[in-house]
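In structure tokens below, several structures.
Across the two complexes that follow, subunit A remains constant while its partner is subunit B and subsequently subunit C.
Our next item is the complex of A and B:
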């Protein structure tokens, strides 16, 4: 023991930093510089790049300009892409909410043994890579895919379900559903079933009970899930690329194409910043909403 | 209460259908991998391992698989060490800048990864590294995996009873002995779940890899993506199945080591 503590004392002396600085600060140094240099730095550079001029031969020219932003927003093609992306976001969020609500309700009210199994069912798709899940939908939705084969038995179709917006929507709803179920189940779980029971025994119909009791109390979960799904949907790349077959253009596809295929760094950066601003604005709105909700409760 | 029973049935049936919707694509991929035909049909044409043979014969797929595995291991080690150290500092030793540091480390999580990839791509070219080799990939992946380790380890450290460590010190143990004998065993569970998160996130990572993969260093999801753009024969299904099986094995090992709840909630 004494040799061990002797060695410890030596070790302590070696690792001590002069000038009275707490040597514990060494613990944060790697993470701090990793994020500073390779996250905050690149984003600041992206911001800088978005104000540079486009150049025909080089990736950019260092004359400041606002032109990239005016092209990013005012060009009719870009504007249409932004609108399509937001439409996908809103639609996916609504459909996911409608499908996830019964699932979350069932999950929240399940006995704890069943709950464990159901939770694994909800979460396990998340452990499978997004490319693989998209591939599953390609097998299902292709012109000769399983869905069309099944419809063919009834003399229906074949419908074109892939390489268009329908396929993209189906896969988006599927892939982001767990992110809606979990927060919803969390807030539904906090609602005492007796409150619903009280509402029913006072003569309210199930429908009224749902809209006047359950739904308002689950709003924090609704908001959390919706914001998560919306932000994830508008930044999806794999699904619109594979199931849209590049017939469906969204903002992430456009940004990547502009930067890595057209090598137009300034315009790509401006588009990325617009995208970034949209994301931040939505997260900010969500925070506002939560604050407003909390005020309503106290 | 006849209506009550009927409503319960409607809920049950719709819930079952939604679960089916949630799990169908994954089962379909696995089924396609073992089906002998070029296309999945009903009734299935027969059981076969030929698509797995195709995978083993395909150099690009085997290379991508091995590359992804190595990348994920390196990234997991880096993210676990850096993230755990950072969690220690932020929870125990930071004062004025605690919230700022926490926000800074978690930030890569809510920001769309595809944007981080774009920013890193332009940045790496600007400083002259480009995407040669795999240094850009390692850094990008570590950045994305760091918050998971940081959050799971932090959550345990916050509830950590420090009097245990003080007791060890009072009984004559040095700081290192205390760390190895007391602190590490308590946070081990959180570190392992953080590491498993990091491994799975890195192994399945797509947006960062899309932008930062260099020539000759293609991770599996990217290789699969490129393949699926031109054909979707069941070789891709065999690759996907192997990748799914690997994830399941990792999760099962974790379950053995720390229990599955800690994977979901970062408990212990």
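Our next item is the complex of A and C:
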């Protein structure tokens, strides 16, 4: 015993980090450096670049300027793109929330055997690569695609379901659905069915029980799911590119175009920074709002 | 306030019959305990009264109303759940006010009624707390207040004390009983704890396998069990198989492997019936055998001169329980008697002792072909 604890003490002394840091901190070191090098670093570099001038033969020229931000903010086209992008984000989030909620509720209350099967079905959109899946949607949604052919049998259509916002929306909702279902199911599963029973026995209808009890208690899941879906949607690139066919312009497409076709790295960086700031502000406000809604839960 | 009337109630889950043709009538203001092991159908019965499960067959009436197919919110039944099921996102006040809001009671009246009932259950001043900030006992009383404030016709309690520690559980028994009597509210109390049922209930319905084995006052259930299962489930007892050799009204003479035992039994018993003799451990008197044979059998003899209700055996085990000593005594014939006696005088393992027990404390139950299950049960309870 004494030798073991002695060895422990030695080990403790060797591994103790100065400045009074706990050894547990070591656990986050790998992830910290990964984020620092591959996320924060590039972001800081983009920020730096956004204040530099455009150069003909290089990404940028080291002359500080506010020109890029001036262009990014004053061009109304950019604002239209940002609006479209945020519209996609909000709509996709709302539609997935409405579609996912009943599904998640069922999943949360299902027997464990059924739950396994349902989970696989819910996750199925993620089992195929994003490009392949988008081409799958193109086959279905094209003017002569499966959906329009089927509608044609009933004398309907053809509807234009692709290379427009409709097609992008359909694909976004499909692909980001699991990111809404899983957090929702998690928080719904934490609600004891007896709590809903208590509400009923106190005189609340199923509808009132939902709005007064189930919904508020599921808000942590709603928060997690909606933030995930919103962020993923507004940063989506492949889906708007393939299913929108560049008729639909979102900010990620615009940034890539600016950088890779106009070779204007500083302007692309500035656009990205402006959008980043807007996104952070929206999410911050949304979290504020949700925290106010959930004030009793924590 | 209202009575409850359950008629031929049946509930199946897939092919399992949870409640089988159950009939039970509660008088206005009465507290009935549904007592039984888990899976006996007691909770399903309660949930059917509350409206959380729909009966497959039969009818449920509360007061004059047939509520068999009504939704829970239309039944006006106050329910307290085992885990209390308080709304975690609402304060104590909001929890208790919930049912009144649903009834569209004016705000000022809600305030008065909530505050009054919180005072009554000794939660005054805690109205702004959230459930997670309360102790188990306080949560329990919040749940009671929430169920009672709506002036329900009936109160339904599903193992309300199961999640409390032992000392608090004992206090709460009396508390719930006094609250129930103050409100004079018809109450169904589901429990697997026989001590709880004995303390609280006006009547106890012992349930097994979806049917009521016996319905009666706590004393009847404890002293006059009608079936071996009830005798075994309620309290500790020694069950000794035997055959009736003489039946005179309610007095029985039973031949057992341990000797002849005289006791009380229903007058429906007949000579030659196979029976189980139930002797409660606390009714046996234990004495040391001093080697003087003259002492033996000095108190009770039957007409023929051989000793009855007097057994001699060896202590095989003893356990100190504080206020009692729990002995196991081998009385021969393969019968092991459990005896609970005062700690003085004390007897040691392998000491030879005399056991005597009055005829009035021995109860004879007809062995209705359940001897196999009873034997196995007896192994557990006797051990």
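FYI, the second predicted complex is superposed on the first by the 234 of 298 C-alpha atoms of A that agree within 3 Å, B and C clash if a C-alpha of one lies under 4 Å from a C-alpha of the other, contacts with A are read in each partner's own complex, and residues count from 1 in each chain.
Here, contacts are C-beta pairs under 8 Å (C-beta built on N, C-alpha and C of every residue); 3 or more make two chains touch, one makes a residue touch a chain.
Values in this document were obtained by computation on a predicted structure and should not be read as measured data.
Visitor: In the overlaid three-chain picture, which partner chain does A:197 touch, first (subunit B) or second (subunit C), both, or neither?
Guide: second
Visitor: With both complexes superposed on chain A, which partner does A:213 reach: first (subunit B), second (subunit C), both or neither?
Guide: second
Visitor: For A:157, using the defined touch cut-off, is the partner it touches subunit B, subunit C, both, or neither? Pick first, second, both or neither.
Guide: Neither subunit B nor subunit C is touched by A:157.
Visitor: Just subunit B (first), just subunit C (second), both, or neither: which does A:186 touch?
Guide: After superposition on chain A, A:186 lies in contact with neither partner.
Visitor: Show me the subunit A residues, by the header's touch rule, that subunit B contacts in one structure and subunit C contacts in the other.
Guide: Shared contact residues on subunit A: none.
Visitor: Where on subunit C does subunit A make contact in their complex?
Guide: Within the complex, subunit C touches subunit A at residues 50-52, 71-73, 75-79, 81-83, 85-91, 98-99, 102-103, 130, 146-147, 150, 156.
Visitor: Subunit A touches which residues of subunit B in the complex?
Guide: It comes out as residues 3, 7, 11-12, 14-15, 18-19, 21-26, 28-29, 32, 39-42, 81-83, 85-86, 88-90, 92-94, 101, 104-105, 107-108, 110-116, 118-123, 125-126, 139-140, 142-143, 146, 150, 172-177, 200, 203-204, 206-207, 210-211, 221, 224-225, 228-229, 232, 236-237, 240, 243-244, 247-248, 251, 260, 264.
Visitor: Quick check: in the complex, which residue numbers of subunit A touch subunit B?
Guide: Of all residues in subunit A, those touching subunit B are 1, 4-5, 7-9, 11-12, 22, 24-25, 27-28, 30-32, 34-36, 38-43, 45-46, 49, 59, 99-100, 102-103, 105-106, 119-125, 127-140, 142, 144-146, 149-150, 174, 177-178, 206, 231, 234-235, 237-238, 241-242, 252, 255-256, 259-260, 265, 268-269, 272, 275-276, 279, 283.
Visitor: Where on subunit A is subunit C touching in the complex?
Guide: Residue list for subunit A touching subunit C: 192, 194-195, 197-205, 208, 212-213, 216-217, 294, 296-297.
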